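Down below is the structure, laid out as structure tokens.
All chains are identified by letter, namely A, B, C, D and E, in their written order; residue positions are counted from 1 within each chain.
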Amino acid sequence: MYYIEKAKLSELFSKIAENRSLYLPVKKNGQTNFAHWEEGTEYCDDLKTVKSAKDHFFPQTESLMHFKTEGKKIQINQDKIPDEKTVLFGVRGCDAKSFKILDSVFMSEPQDAFYTARRENSVVITTACSSPDEACFCGVFGVDPADPKADSDVVTWFAGDKLYWEAVSEKGEALTEEIKDVLSSSDEKEVEEEKARISEITKLLPLNNMSLSAFGGDKTDALFNAPQWDKLSEACLGCGSCTFVCPTCQCYDVRDYNGANGIQRYRCWDSCMFSDFTMMAHGTNRPTQKQRFRQRFMHKLVYFPANNNGEFSCVGCGRCVARCPISMNIAKVIKSFGGDK
Amino acid sequence: MCSCNHDHEKDHVCSCGTDKLVPIPAVVTEIRTETPDVKTFRVVGLDGSNCFDHKPGQCAMLTIPGVGEAMFSITSSPTETGYKDFSIKRCGHLTDWLHSMEVGQEIGIRGPYGNPFPVDTEFKGQNLLFIAGGIGLAPLHSVINYVRANRENYGTVDILYGSRSADDLVDYEEIKNVWEKEDGINVYLTIDREQEGWDGHVGFVPSYLKELAFEANKTAIICGPPIMIKFVLQALLEMGFEKTQVYTTLELKMKCGIGKCGRCNVGSKYVCKDGPVFRLDELDELPDEY
Amino acid sequence: MQRIGVFVCWCGSNIAATVDVDAVVEAVKNEPGVCFAKNYQYMCSEAGQALIKDAIKEHNLTGIVVCSCSPRMHEATFRKTAEQAGLNPYMVEIANIREHCSWIHKDMKEATEKAVILARAAIAKVNLNAPLQAGESAVTKRALVIGGGIAGLQSAIDIADAGYPVDIVEKSPTIGGKMAQLDKTFPTLDCAACILTPKMVEAAQHPNITLYTYSEVEEVKGFVGNFNVKIKKKARFVDSTKCTGCAVCTAKCPSRKGGNEFNCNLDTRGAVYIPFAQAVPNVATIDTERCIHFKTGKCGICQKVCSAGAIDFEQKDEFIEEKYGAIVVATGFEILDVTKFDEFQYTKHPDVVTSLELERIMNAAGPTKGTLLRMSNKEHPHDIVFIQCVGSRGNTCRDKTYCSKICCMYTAKHAMLIREKYPDVNVHVFYIDVRTPGKNFDEFYRRAVEQYNVDYIKGMVGKVWEKENGRLAVQGVDLISNRRIMLETDMVVLAAAIQPSKGVRNIATMLTASIDTNDFLTEAHPKLRPVESPTAGVFLSGVCQGPKDIPETVSQAGAAAVKVVGLLAKDKLVTNPCTATPNELMCNGCSSCARVCPYGAIDYVEKEVNDHGKREVRRLATVNSALCQGCGACTVACPSGAMDLKGFSNRQIMAEVDAICR
Amino acid sequence: MQKTAGLIKKRALELLADGTVTKVLGWEEGDFIYDVTPAFFDKETIDSLVFSSFCGSNLSKYLIKACKEQTEGKILVFLKPCDTFSFNQLLTEHRIDREKVYVVGVECKGMLDIEKIKALGINGVTKVIDNGESLNIKTIYGEKTCERSEVLLEKCTTCKSKELVVFDEVLGEKAENENSQDRFAQVAALEAMTTEERYAFWQGELSKCIRCNACRNVCPACSCMKCVFDNIQSGVASKSNADTFEEKMFHIIRAFHVAGRCTDCGECSRVCPQGIPLHLLNRKFIKDINELYGDYQAGEEAGSRAPLVNFTFDDAEPSVIHERGNS
Amino acid sequence: MPINENKEWKPLIVAFCCNWCSYAGADLAGTSRLSYPAEVKIIKVPCSCRVNPMFILKAFERGADGVIMCGCHPGDCHYSTGNYYARRRMTMLFSMLDYLGIDRQRTRVEWVSAAEGQKFAAVMNDFAKTITELGENVKLGDLRCKKQQD
């Protein structure tokens, strides 16, 4: 275990940035999101970024290839696979877990070359949550906000006036080796106290004790035609705010942009909540918002676990709880199927 | 062989270098007008190859740069080498473009996608009953020609095909001049409404199916508009077919073709990966949303 | 995608001298859809057109682009060429590389580059063109004239003479309008009645004319060639088939307090009345507001005295529905209410009158039987002051901004007639300007000044008040001598402004004809289409379009009639194919489009739609392609983009933008 | 507030009971007071109807679909003053059927913004008690208090009107609109900046956009059957912000499409997950319209003619824009 | 060295002209041989009220440096009222662009009648001069259209 004084954080950041690109939560125009660190950039220790960390690996838009056409001839050029070595700092336990969930989508065969390359080139540094809020329910999905080492390379804690640093993977250790100069060794006493403090708080979180017993890969028949969906989906606006702030949502669209100098094919986030998501020339298999709403939650709580050894596609980050324009969210869905018992 | 710098196993097919979403260029060498709104396009790799190998029932993504990409079933059989055929109905933005295309046009193609009909396993030794409506013949076309090329592996072959009118029968020339003339293949054609010059059967496919009263000792392979499928399935079950004897292929929005973009997700299945071919008993397990 | 042929014209050296036509051909060959490109010396020549026709046939072209002079020059030519070769004429686009390129640029490289870009834009557009078919609609061979004044009568007679049936709807009990109230007409001083009444009779007796007097238009539906109009025939309570016009009832009617409108309320009439002796139809009408029978249930004298038994207290309003191919609006004018101009004492002193009132006073059938008398004491006046431009050419809220146009002349007429008949009467005229632009008009005015010694004073009157001796004092300014003047006079005559009839707003709304801020009907084009309303099939006659004197009114009425006849002579109307069309699946039914349509071409229907398998009844816009002129205002008002314009669709214009910005 | 909540529930019950209405559109209680969800209720479910200082959402847009589905009887809807403007505008555009709706106007003192409470550093909120002037806030980190006026929803700080412009009956105590700030002050402040400053401001704000479409989908004026941005044939369809131009295009066109129709209900800014002050775009148009074409408030009067489908002969020329002060 | 590598920047200007007045005005400019810069490219629309703000934004997206709309003088519209609507729409759009910090000189509306060939040329010369002085439009455009891809 190492530490560095909080006051010297920028030294740590410049050290990391010597050989790699560093991304961390930054407040800009009132909103905190992950951003590239440059000398002078200030780290923001808000509990949650507005958008999750997923767009570091699965950006909202990403160019895949370019076409050139001349008469009837075409030329297809794949875009360069990213090779930037990156470090993500300040990732919360929930977001770190979401990477594993995204991995099981994008890194299963056939692998997504762009995602895989980004993922392989990055080191994830998680930071324990010193003040979880009422919307957090990561405990329900097995995330430990006090000690998020499960899915990270390095775990850090802010305690007292120090940042504690512990490498928990090979990648993490390699990074630690690189930057050891700016770190000092430490015992684990203060960290243990911090962990204990956070654990106490998590017990108070109102949504953190929900039960998922109603859900799982084998629950399609039990849930699909349940009457609750009508009420739950009634007010849904069909916007994508839940999807776009969600760390695990990974639906995408592929579009062509016909610019003046050739055609770009790019990928962008999409949402199963959008009315045109499954629209084809002759219609859609999910014409109602109820069906689209149900799809999103069934996917997270039933279909995804069915294909991924029971793992749910939700990490309990609570972003949808905070961001939904009409305050409908996955916690309410879980509760309406008996999750609050 | 793996071209990346990673430490993959020896026979690993590497996806690090080229992404699966990137098509290869190919050229349209022939365009046949089948019906007023269906054309068949013959696509050949720029090197004269068939682009990639496929099995009957599988699909491919066709790219028109600047217009987009869409999934189509491969109409030609794997036994027809050196090209791929696609029978495509004009019904939207991209298909409009395809229909206005001319021979020599280059397009992008990637595939194959989806699971094939089990021609080399479950179908082997079986009597086959193909039931198609309209453009629904396109995915079955490939199976039928594969079966014809390997005739010895299968029992009887019956083909029931219907469409709105005689002009809307896809592949009419081939059906008349090749399939019908072949021994051991029975072709039954029908159109929805009476039409001058048509002396064949008139009536919807499901009712014709009942009239024909096939024995339930066959494997049925169905494709057509949803309403036809619905009534054909009913009819088959009434005729004594087991759900395990019936196969169909689903048409859903597919964008990436590799089960990641989320569009073709129904229940825990991804149609572009786990489908589009489903046996009826498998289909029954999916939520009713296809 | 189309199979496009591109034809680049040299226009001799007009284009070829500055634009490298070979380079243009080379450059466009690889554009999407282009499968043929060629240049030629004169595309519009026989040989050039033959070249186009051959190429269309040989290469099976589905669209062509001609890079040549302005489409205003030869678009029609090349469309015809295409049509001759079997191609839809709307599959032709012109790239204007002469007026917009070769003629304004000197540098060959620059001009060639631009020509290529203009060609590209046309190619991009034609790729999205669709064959268009001009529609047809049948024409009902009957016309409606709204208003039975001289304008309406003239239009009706002219149309009827051409052989088409015409209906005249007049809201008052008789036709004749304002002209019937006039005494003499300028500049010839002939008697108005003498020239008008024959016209009235002619209209009444014309086999092709049907009169609906004491009637109003209730509802107008439909469009050019196919209007459906509902007319309300108000109950007269007199059976017009029985009434002989003997006027006994009118004389015996005991209710005599109400004013007589025909004489500008300067005298009274009975509750049952015939407006004037020469009224057409010469039939009595009962004014229910004044009739004792209708107010109390008693009386009934008229019924008793009528030997024809024509009085029918039970008569009801009658509604007539008729189809028309064209409508002429001839709703005329009324005199501005001058009560607001209180500085002239109009409401206070009976000797202050409007010109129209003076007209009645001077008329033999008027309240004074044609003798010029002061209304206050029925004495002969010695001095008369005319005040011009009362309510005209002003800029305060009580004024009209426009010139009423007829006042200068009728004042000269009045002055002259008075001086002629009563040489002892001194006549003074206060004026801002004297406007006499008409045949023999200025001569007429000069006669008034020079021969009849009418005292014209350039200047305005500040106020008028009654003196103790009962005469009127007029205080004004003489701008020429730049001094204030005070006159004592017996009468003051106000040349009040004229304004469109009040009912015109309602009629304009029914017809979706537009009116301007003064309520005059707007013409389709102020110069080139002055007698047509922007709404197809609606024509303008007389003062409803703007102030006019009688000859002008009659000529406009004739012009409107010719337009009507021209329309009715057609069996079918060919409609503009470049019309707006709504996409039913995207229409919100919000009415934004209808609100901006200058032609009232957009209507709404409740209709079931099938939106990708979902069936529901929606409120949808529909465009009447017979009315739509293709301006496109609706397409931008429509937020969902449901409304698009054929021939200039959103995608076509954006494709042009894309091609230009490449 | 509690009193009004009680009245609302009582009235809903009465109107359901006497058959005046067959369903009720109101707000359903959530887990933390502040997370109420718009919902339809019937006799069985009416118990979970709530009204609190967090009922900022505008229910009028839900009536488009509800009116279509309503075959018999009326729908009871609770509308705050600002919501009634949207209701009227939807009436004007024939999107809803007045006959099918029973409008209960609810007087409003301004609604609260949980984000603003959190911005004060008050975390882990589990309950908020509105005492009228101040708030008592229970959190997992203990109890906190703050002033009500500090945490009003942005739209309520510049309330345009406390008048209910359409209703069948009214509940609650009429509030005064005296504390409301000038709603055009922020627009004016932006106008006073230099072009470069304004560009920087909007570039910063709009670049946060994630194109979730929440602003559009919540907007009562954005009620198109199919939005041009979803329509692949429109030529401007886009789904993402692949280039900063796309978000500008989206927001300019959206503002333009609702210009003269926007009732300034402020929902766009309330729902934006990235906190973009979208109302400043719409309000700019409102300000311009008022200045150039005379005061006009969409929704104030049902059936009124929106300024962009209207004109006068002596309208200002577009060059007035060029003649403005700063450059 | 090829000449075009040293090519000086030239603006791209899109002009929407109504069919009845301004397009004819442009024709008259041509007939009168009144020159204006080749950078100006005209798109014909039936009426100024056909010009959708989306077209103008589209032009900027694609790299236009200035967009000008020309129509009949108010009162002279072939369709009687079209340009009145266009006037309001464009005023609003331009105001919004200005509000977003886009140089307001990049957009313009001019009323040009069919007889005003002189005016048309003068307007275009002036507008092109203004745009040239402003330089390349970097604030409102899709970078993907400008980037030279190979």
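Please note the rule applied: a residue touches a chain if its C-beta (ideal position, glycine included) is under 8 Å from a C-beta of that chain, and two chains touch if they have at least 3 such contacts.
Note that the structure is predicted; figures quoted are calculated from it, not measured.
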Contact-richer chain pair (by C-beta pairs counted) among A-B and A-C: A-B
Of all other chains, the one whose Cα centre sits farthest from subunit B: C
Inter-chain centre distance, subunit B versus subunit E - centres from mean C-alpha coordinates, in Å: 51
Separation of mean Cα positions, subunit D and subunit C [Å, integer]: 45
Subunit A and subunit D: spacing of chain centres that average the CA atoms, whole Å: 30
Centroid distance [mean C-alpha coordinates] between subunit E and subunit C, Å: 35
Interface hub residues of subunit D, defined as touching at least two other chains: 228, 233, 235-236, 242, 308-310, 313
Touching two or more other chains - residue numbers and ranges from subunit E: 53-54, 58, 62-63, 75, 81, 85, 89, 142, 144-145
Multi-chain contact sites of subunit C, meaning residues that touch two or more partners: 596, 637, 650, 654, 658, 661-662
Complex contact set, residues of subunit D against subunit C: 68, 93-95, 223-228, 231, 233-236, 257-258, 305-306, 308-310, 313
Subunit E partner contacts - residues on subunit A that touch it in the complex: 66, 68, 257, 259-262, 264
Complex contacts: residues of subunit C adjacent to subunit D: 516-517, 585-592, 595-596, 604, 611, 616, 618-619, 637, 639-642, 650-651, 654-655
Of subunit B, residues touching subunit C in the complex: 97, 100-102
Residue ranges of subunit E touching subunit D (in the complex, touch as defined): 53-54, 57-58, 60-61, 74-75, 81, 84-85, 87-105, 107-109, 139-144
